[in-house]
Every structure is written in structure tokens, then in C-alpha cells.
Amino acid sequence: MKILAIGAHLDDIELACGGTLAKAVKNGHTVKLVVMTDSAYTNFDGTVLRTQDEAFKEGVSAVERLGIKDLVILNFPIKNVPYNGSTVEALDKIMSDFRPDYIFTHWVFDTHQDHKNTAQATISAARYMYNIFMYEPIPPSGRSYAPFRPLAYFDISDSITEKLDSLREHKSQHAKYGEQWIEAVEGRAKIRGFENGCKYAEAFEVVRLSLDI
Amino acid sequence: MKILAIGAHLDDIELACGGTLAKAVKNGHTVKLVVMTDSAYTNFDGTVLRTQDEAFKEGVSAVERLGIKDLVILNFPIKNVPYNGSTVEALDKIMSDFRPDYIFTHWVFDTHQDHKNTAQATISAARYMYNIFMYEPIPPSGRSYAPFRPLAYFDISDSITEKLDSLREHKSQHAKYGEQWIEAVEGRAKIRGFENGCKYAEAFEVVRLSLDI
Amino acid sequence: MKILAIGAHLDDIELACGGTLAKAVKNGHTVKLVVMTDSAYTNFDGTVLRTQDEAFKEGVSAVERLGIKDLVILNFPIKNVPYNGSTVEALDKIMSDFRPDYIFTHWVFDTHQDHKNTAQATISAARYMYNIFMYEPIPPSGRSYAPFRPLAYFDISDSITEKLDSLREHKSQHAKYGEQWIEAVEGRAKIRGFENGCKYAEAFEVVRLSLDI
Amino acid sequence: MKILAIGAHLDDIELACGGTLAKAVKNGHTVKLVVMTDSAYTNFDGTVLRTQDEAFKEGVSAVERLGIKDLVILNFPIKNVPYNGSTVEALDKIMSDFRPDYIFTHWVFDTHQDHKNTAQATISAARYMYNIFMYEPIPPSGRSYAPFRPLAYFDISDSITEKLDSLREHKSQHAKYGEQWIEAVEGRAKIRGFENGCKYAEAFEVVRLSLDI
Amino acid sequence: MKILAIGAHLDDIELACGGTLAKAVKNGHTVKLVVMTDSAYTNFDGTVLRTQDEAFKEGVSAVERLGIKDLVILNFPIKNVPYNGSTVEALDKIMSDFRPDYIFTHWVFDTHQDHKNTAQATISAARYMYNIFMYEPIPPSGRSYAPFRPLAYFDISDSITEKLDSLREHKSQHAKYGEQWIEAVEGRAKIRGFENGCKYAEAFEVVRLSLDI
Amino acid sequence: MKILAIGAHLDDIELACGGTLAKAVKNGHTVKLVVMTDSAYTNFDGTVLRTQDEAFKEGVSAVERLGIKDLVILNFPIKNVPYNGSTVEALDKIMSDFRPDYIFTHWVFDTHQDHKNTAQATISAARYMYNIFMYEPIPPSGRSYAPFRPLAYFDISDSITEKLDSLREHKSQHAKYGEQWIEAVEGRAKIRGFENGCKYAEAFEVVRLSLDI
């Protein structure tokens, strides 16, 4: 199976569906990641939170921890990823070439403008694709004006380690949020796992699925 | 895989997920149907629309057309199927014995009281089950105060014939609604198929899924 | 009565509310169509799906089949129709001049960016208008992250022929999707008709209505 | 046109759609009211808020103020109006005899159990009816766990007087809530009127409409 | 401040808002718990999961761990708690006597019939109360056909220990679900805490609040 | 407590939460207003509805009536307030400096593009803030494709006068809509007050709250 995961920034995908992707890799599936921006992050007051170089190094290390080799970084402007023909066509091209069976993207009601626009551009581009999952947002961006509806679960008990290790590679983020960042992600995986009858899980809201029986 | 489909009345299941179930049977899965009532139907004014005997005969013939052999008919009162401990425990017992992988039931916002209560009892009983689909309602009961959200599609191009043949076995219903009944069901399968990139499909709203990858 | 139908591209309106509009014309109402773009369509890889000239010819023929003479084509950029002051003001001007009783537009959760933005611009512009209908989307764009809620139905049994004939004039689209495109549209009209107690119908989600009694 | 309004208790209908009904009567339509209970009301502690006789007298006077002559009072138990075959069949019989063009009922998310069950029984019974409006709830029962969506407005500028006069006939209710009760109802009619481009209006959430064009 | 927490069974309240209540007690507020059933639990097949006596002992111990002394147990039938006049009046009486400032109850879309009916009865009874919180469900009952919307958070960093200790007093439940039960509850408190800028939190969906400023 | 209210145009804040803010000022809280545009308004046809100077004068007078001294006017373009990095960063800076306890902004489903984008930019910027209220829209912009859910109420009985006086300072708006504008706003405050057990109230939809107990 071919799996395409799309995120606005380096670390979004790892945080939200890193366990599912690491498991897919272990099980022999082909996984491609697309990140919309170079993910350098400067605060409104000019404070540099991570440079382009740091973001790239951290991102590559994190992705490697998940066992993923195919990482594409687009250069849409951070904080200004648009939802229009430019992003839709960029993703349309990638999908037309790669022909993914499963697509993972941001949740469409995520409160970060880059996340929301990436989700919308993905869904627009994926008009001929049939399995689209929106991953659960992680604070600070996820507490929205609409509720997240967990519809599909993947058991990640065998890949939770890879997921958490991957997050630790994002040293700038880890420094910013502290160890609580890791613990919160693990805590969610526990409650989602309990909901799913397993130890750890990730949950997704579904746009649509085409299932075999 | 073991599949459990639950409906309030004989014909509900065939109408809403007959194609998916017929396909499952063809592909070697074990399918069990549970109908909550004997499905005899008398109008408020005393007009008998179908007797218990007619309902049973039509139902058995219809189910046979789908290739399904395992049909259980419970005797909750028609028009008064409750949502309480009695229905929840009856379904709990069936699920505990059968251990279904997939469960199909009514949509919880269906406007027929028996349909709605059956859906709620199913979901309550299925608290340790992980794949629950709510099938799309067919008029006159489906036009609700809440929208149906089609989340999962099954391609039924290879079983549409069995589905429509199955409906024709419900002679009392066919007589009541006329050929338009069949055509409307087929029409919906066409638009759902077009949405799903195939010729005919059935669509479901998902309560929750536990997927492998 | 004066009716204004707004769509992003030539063929959107015909697909979604062609039957209702053709019926309105037959019954003596005044119908104006506004299309936001010239509707020439080039794929991301440069493949021309239809030229501006083809789009125009097909669109004019299609609209004529519905009996509509008043077609306005704006020149907002395809794939990049914005939702901002430019589109809102363009539509505001048209509404202020035409004073429509009924407005038909895209569904606001449609997954094509041009459709969504056209819907939003229409609703913003229509702030002093009182009857706004959002038409049901047709794949590939309609399968959204939110459910469509069919609230108002129009019986189109007497104009289904005009509607389907109109679609056949969109030869480039017909070639792209095949006869299944027509059949899916007809299939939906059948199930919507069955829901509405007639042979064929179109369904709409309502933004708001001001009714007489 | 024939209009059927259904409420759980005497005063519910007047409060929520009295203006629309009074206007309908003025314009020559046939209006029938059905109230599910005798509407005598005793508090949990045995305090009698109104006797059956008081409720009946107030109700008849109130309905007369609206110009309505056809009032049917059913005797389902107050606080225990069920949503099951008994209420659905009682309403089914009335609808089958009366053949209403428009049906008005409670909002299905109203927080009074009698209101909610009446709404659900109405919608179940009305499976072959095509225009169903749910009226806006008035405190104390309306502040629900789901939002009311105002979809259809009727201008009641010419019947607001009848509506408010009708409420004043409910002397026991007026005494209980004080003049603020009247003022709040009038206040809502003003804001709904402003939304609808008129002086006073009532707003409704729609289950479904079948419109002519 | 006076706080009323209502649950269907002994352990529901502790699981969902035990931390908030323990904190309230520490801060000097008056807390009353009402449980609708004696909470003895027998499986559909006759297996006794806990006797009335066990449920009572565990419940009393658990509540003591939270520092709460006022526990009222009603005797509505387990698995058959109704939503009708009997439960609404029982709660109405308690609210009229106690006059709570805050009310905590189940989430209205919880999939256990007793939970759902308790929530609905609470909301009906609380028609003159102004601050109503619905607590987040814990599996197996919470994974519903509607999404939970976390709207209000309470920091429980100082009372997480009491909460988890309280759960351990429910020895029959602890035995049934294992240590994962505690860990999942703690895991959720961590992610809710991260969302709320603190170490541990509980989240609630709000029916309505009346706030001072 | 520090309170930040954000609106797209001069008059939006007064209309929607003027009573709550005036009360906050009376009670000693610090209130800051941020308006995204200079609020000069020219119709699509070139008619000037109010000049920049008029808007400013009216706005300052109106805000003074509420007792608020801290008014910041940003210069994003009217009708084209964007939702992107520019607005998010501008608000992020203000929030980082002011550290508000409560934030009031537009409702995210408001149908004016400036209102919607302001709401979204506020929510994005407020990712480390914990109490966010969306105020109820006033026509012509509020009648949306989604329902407003009133979740939190503030009693404004003691500040309704200031609120209505404040609106009268917006002479250009008052002239445009007439006295009905004031009366509709007052009417809504009455029904919201009745819902909240007081004379006048304002209602808000909550994004999220962090409450103490």
C-alpha cells in the first residue's frame, strides 16, 4: 500500500500520526511525507525559534526515527501557506504521480492557519482519491471552535517508542515545550489506546473511506 | 471475518446494506442478520399491510437472495422497540456469542422510532466492539432533522443485482411503494458509486473503526 | 419572481440546479446566471481540458437547453476565485441591480476552493437578501468533511429532460467522466424524488428563507 | 392551505408560532391545533400550578385570540408524553385525516421531555408529509446542548398583537413568569424581525420543505 | 459555592470529574453527589460483576477519598434508568432543595443508556439552573456517534492523586479493566492538562454558563 | 482582570458585547479594544457611507460611552481583512504584550468576510490564551449557514443603558438602519436576559474556558 502524509511544518506529522506511519513502514508499506514549508520559525518579535537549517536537521532525524526515507519539503511561506490553486496544484501533482492509497493530513478545523489551509488544499487536491484521514491536532493549535470526532483508530503499541523518539529529535520544540510535551502525547496515546482496546493508539477523523469486504 | 447486521424490521437491512452483505458472503465471510421484530405491520386504522406470516416468508426469501443463511428474528413489539436494558442485553448476548468483526445497524438519527432505538441499543451493546457502521436510511423514514454523513463506501457493483432481487422478494413492500422504490434504491447506488469511483456503491456513517495498516 | 443562480464554473449550475431553473423558466420566472470564471480548464501538468472558447460554447449551449437567456460570465481566475472584497462587491452590485427573490449558490462546505469561495462570497454579498439556497455538490468535489443537509426540495419531474440534455452539451465534461456522469446525476434525482414524493427532484441546503403564509 | 400545529402543552404553540398561525387564519388558511396533554400542571412537591380546568379555560381563550377554532386535546400524561407507537399512531391518524400542507412542532433538541418526545413523534408520524417546521423554544426549556438553527422566517408584524394578547390569556403562566415573559417574547420577535427585514418575525428550524417554483 | 454532581452509577462521577470535585472540597465548597442507581451490576448472562453491597462499599470509600461526605443514592433500576417524569422530578426536588451553583452530569451523547438518560433528566430538571457541565465520558461508553466538544477546563494538578486513589477504591472495576484503566484516565488528564497550560486537567462540554465579570 | 475585545470595524464590539465590557469597566477591570480597520465604509457603487474621519469620531464617542479608554485601531483594509500571518502576528503581538485573561472576538461563522477572518486570526493568535468568547452577530451579517450556540451569558442589566447609548453615537449606522436597529439589539438583550434569569443579558459562544473552582 502507498501512504501519503501531508503536514504544514516539520514535526506536525510525527506528532499526530508518527506511530501509524512507523507501523506502516515496519509492515512493508511505502510512505511518503510532504511538508509544505521549510519550517524555520521566527516569532512575531523577531526571536528565532529555529532556523531553516535546524528545522531541516531536526526534521530529517525525526523522520528517520520513524523509518521513513521519502521526505519532500515544499517552500510555501510559513504562517502564510495559502489555500488556493498554488497549493492545490502542488499537491495534485504529487498525488497524481504517487497514487496514494491512504492520505493523512491536518484536521480541517485546526486553529493554525497553515494547518487549516494545508488540510483544505489536501482535500481539494484529493478529489479522485478515496481514503482520507485527518489527524488529531496537538496543542497549542488544536483547541478549536469545532469538536474533533475520532472515527478511525490505529493500534500503535508496537511503534509508540519510535513515535516518541522521533519527537525527541525535534530538539528546538522539545526545549520550547519541555518534557510535558512528550508526556502529553504519550498520555493521549494511552487514552486513545484504551478506547481502541489496546495499549497505545492514534485516532483520526475521516473525510471518506473506500473499504473492501 | 464475521459480520453482524441488525435491523428493526425485515427489509431494512436488505434496503440499506444488502449489496455489501451479498458481496461479503461471496467473498467467504460469515454473515449473521438480527431483526428486532416479527415485522408484521398493521396501520393505525387497522389495515393489515402484511401479516406475520407474510413478513416472515418475504424476509426469508429476500435474505436467501443475498446468500445469507443465518437470520435471527427477535420478538420485540413493532412500533415499540425500546431502547433500554432489554434490547441492549439481547444484543449484548448475541455479540458476546458471535464476536463480530463488523457491525451494521440503523442510523441513529433515523426518524422511525424502531430504527432509532435499534441503532441506539446496538451502539450501547457494542461497547467492546470496534467497527460499527450505520447504514443510510431509505424514505419514508430517513429525511431527518440531522444530516447523514457518508464516511465509508463499499463497492457493490458485483452485488447490485442480488440487492435489487432481494427487494423484489418483499412483495408487500414492492406493492406499497411501486417500482419507483426499486429505482430510487438503484439511483442512490449509482450516485454513491460515482462518488466512490465505481458503478454502484453503498455508503455508511461510521461510529468508529479500528483499522490495521 | 426573479431568480439568481451563481456558480464558479460553467456546468456547476446546470449540474446542481438545472432542473429547478428550467422549471422556473417554464413557469414564467426571470432567471439570471452568474459564473465567476471563464471556465477554461488546464490541468496542473499543462493538459488543456477545455479552452476558454470551448467552455464558452458548451456553457452557452447548455444554458440555452434550460431555456435561460441571461448569462453573465465574470473573469475571476479559475482555481483562484477569492473570497474577499472583490468577489463580494461584484456580487453585491449584481444583486443590488437585479434584486433577486431567490438565490442559488454552491454549498459552503464544497471541497473545490472555487466553489467554496463562491458560496461564501455569495452569502456575504446577500446580506440584505432573504432566500438563499445552497445546491447539492456533484463529485468529484462534493464529498466533504461536513455533511450536506437536504432541507428544501423542488420537484423537477417536468424538467429532468432539459437538465440532462443540458449536461450533454458540456461535451468536454461528458467525455471526461463518461455516460456514468449523466446516470449518476439522474440517479440522484430519482432518490431525491422518492424522498420528495415525486419522480425526480433536486435538493438544497437552506441558508435562510423568508416565507409567506 | 391546511396547517397543523402540534404542542405538548397548552401555551407552547401560542408562545412559539402564535403569530404565524394568527396570520394564516387572517389569510384564509385552515388551522388545526393538537395538544398532547390536558396541561394541568402540578409541581414535584404537590403545588398545583394550574388545574385541568384552568388549563383548558386559559388554552381555549388563548387560541380564540389567535382566531383558531379547531383545537384538539389528547390525553397523554403530562411530564410523561412518550415517544413510541402510541403517540406516533395518534398523530398519524390525525395527519391522515387532515392532510396538512404545513406542520409545526416542537424543536427536537428542546430540553423538556414532553416537548422533545412530541417533536420526535410528530416527525415519525409525518413520514409522508413534506413541510415540517420546528418552532423556536422559549425558556425555561429551550437552552439546550445543541444550537437552534433559524432557517425559515415568517413576518408577523400584522399579528404580533394577537400573539401577545393570546399569551396574556394564560393567566397562570403570566402570573408565574411576570410581565417579563411577554417582553422577552416580544423582544425575540423584534430581533427575528430585524433579521428578516421586517418589524416582527418568528423563526423556525426546518426538517424539510417541498417548495414550488 | 454549592456543587451538585449527578451520575448514573457509583464510579461515573469519580472517573469523570473526581479531580474537580476534590479540588472544590479543598477550596471550601459544598459538594453533593447523586447517583441514580444502587450500581449493583449483573452481566446479561447472570454473572455478578459486583453486588449491591460491594458497589456501595466501593462507592463510599471512593467518595471519601475525594473528601466528599454528602452522597445520595437513588434506586432507579440499573440498565433501565428512564428519561421521564420520575427521574426529572426526583432531580428537580434535589435541585430545589440544594440550589446548586454548578451542576455536573453525564454527556448527553454518551452511549450507555443510563448515562444518556441521566444527562437528559438532569438538563430537564435544571431548567432554572444556570451553570451546567457535561463531563467527558470514559470508555467503554464514550465513543459515540457525535463528537465531545471540550469547552471548559479545570486544573486538577493538586487533586489528581485523590482522583486516582478514588478509582482504586473501585476494586471490582479495577479488577475488571486492570491497571490500564487508571493509566488511561491519567493519560487523558495529562493531555487535557497540556491543552489547559497545566499538568493535569479535566475537560467538560458546557450546556450553558452564567458568568460574572 | 484584563479583557481584550477584538472587532473588524468600529461598532462591531459595541453591538455585540458593549454591555459586558461596560460592566467590566464599572467593576474595575482593564479593558482594551482592538479594531482591525479604520472602518471608513464606501459602498460598491462609490457611495460613501461614512468617511474615515466620521468612523473615527463615532467610534471614539461610542467607546467612551462604555467607559473604555484604551482603543487601538489597526489599518488592515476594510472588506479585505485577511486571515494569514499578517493579522495573526499583529494580534499575537498585542496579546503577548497585554496578556489578557478574557478575549472577546467575532463568531467564526459570521458571514461578513472581515468578521470571519478577524475571528479566525484571533483564535490562531490566542493559542496560549485560555478564555475565548465569540460574540453573537447582529444582522445584516449574522444569519449564517451554521447555528450560533449560546453557551455563556453575562447579566448586563446594569449596563444596558451604556450599551444602547453607545450605539446611538454611531450616527451614520443609526441613520442607515433606523431606530429599529436599537430596538432589535434591546430585544435580543431581553430574550437573552430571560434565558439567563435576569432583565438583560449578552450571550456568547465559547471557544474554550479555563475555570477556577
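Read from first to last, the chains carry the letters A, B, C, D, E and F; within each, the first residue is number 1.
We take it that contacts are C-beta pairs under 8 Å (C-beta built on N, C-alpha and C of every residue); 3 or more make two chains touch, one makes a residue touch a chain.
Quick caveat, the model's predicted, so the values are computed rather than measured.
Engineer: Fewest touch steps from subunit C to subunit E?
Structural biologist: Step count on the best path from subunit C to subunit E: 2.
Engineer: Between 0 and 180 degrees and rounded to the nearest 5, what angle rotates subunit B's CA atoms onto those of subunit E?
Structural biologist: It works out to 120 degrees.
Engineer: Would the interface of subunit D with subunit E count as same or different, where same needs over half of all numbers used to appear in both copies?
Structural biologist: Result for this pair: different.
Engineer: If you tally contacting C-beta pairs, which pair wins, A-B or C-F?
Structural biologist: The greater number of contacts lies at A-B.
Engineer: Please tell me the distance, in whole Å, between the geometric centres of subunit E and subunit F computed from their C-alpha atoms.
Structural biologist: That gives a centre separation of 36 Å.
Engineer: Which positions in subunit F touch two or more other chains at once?
Structural biologist: In subunit F, 128, 139, 143, 150, 207-208 touch at least two other chains.
Engineer: Edges wherever two chains touch, nodes for the chains themselves; is that graph a line, a ring, a star, complete, or other here?
Structural biologist: Looks like something else, not a line, ring, star or complete graph.
Engineer: Throw together a list of every chain pair that touches.
Structural biologist: Result for touching pairs of chains: A-B, A-C, A-E, A-F, B-C, B-D, B-E, C-D, C-F, D-E, D-F, E-F.
Engineer: Given the complex with subunit B, which residues does subunit C contribute to the contact?
Structural biologist: It is residues 139, 142-143, 146-150, 180-181, 183-191, 193-195, 199 of subunit C that touch subunit B.
Engineer: Please give the residue numbers of subunit A that touch subunit F in the complex, ascending.
Structural biologist: 44-45, 77-80, 82, 111-113, 139-141, 143-145
Engineer: Which residues of subunit F touch subunit A in their complex?
Structural biologist: For subunit F paired with subunit A, touching residues are 83-85, 88-90, 92-93, 96, 108, 120-121, 123-124, 127-128, 134, 205, 207-208.
Engineer: Going by the contact rule set out above, which residues of subunit C touch subunit D in the complex?
Structural biologist: Touching subunit D from subunit C are residues 1, 3, 20, 23-24, 27, 29, 102, 128, 130, 150-155, 196-197, 206, 208-213.
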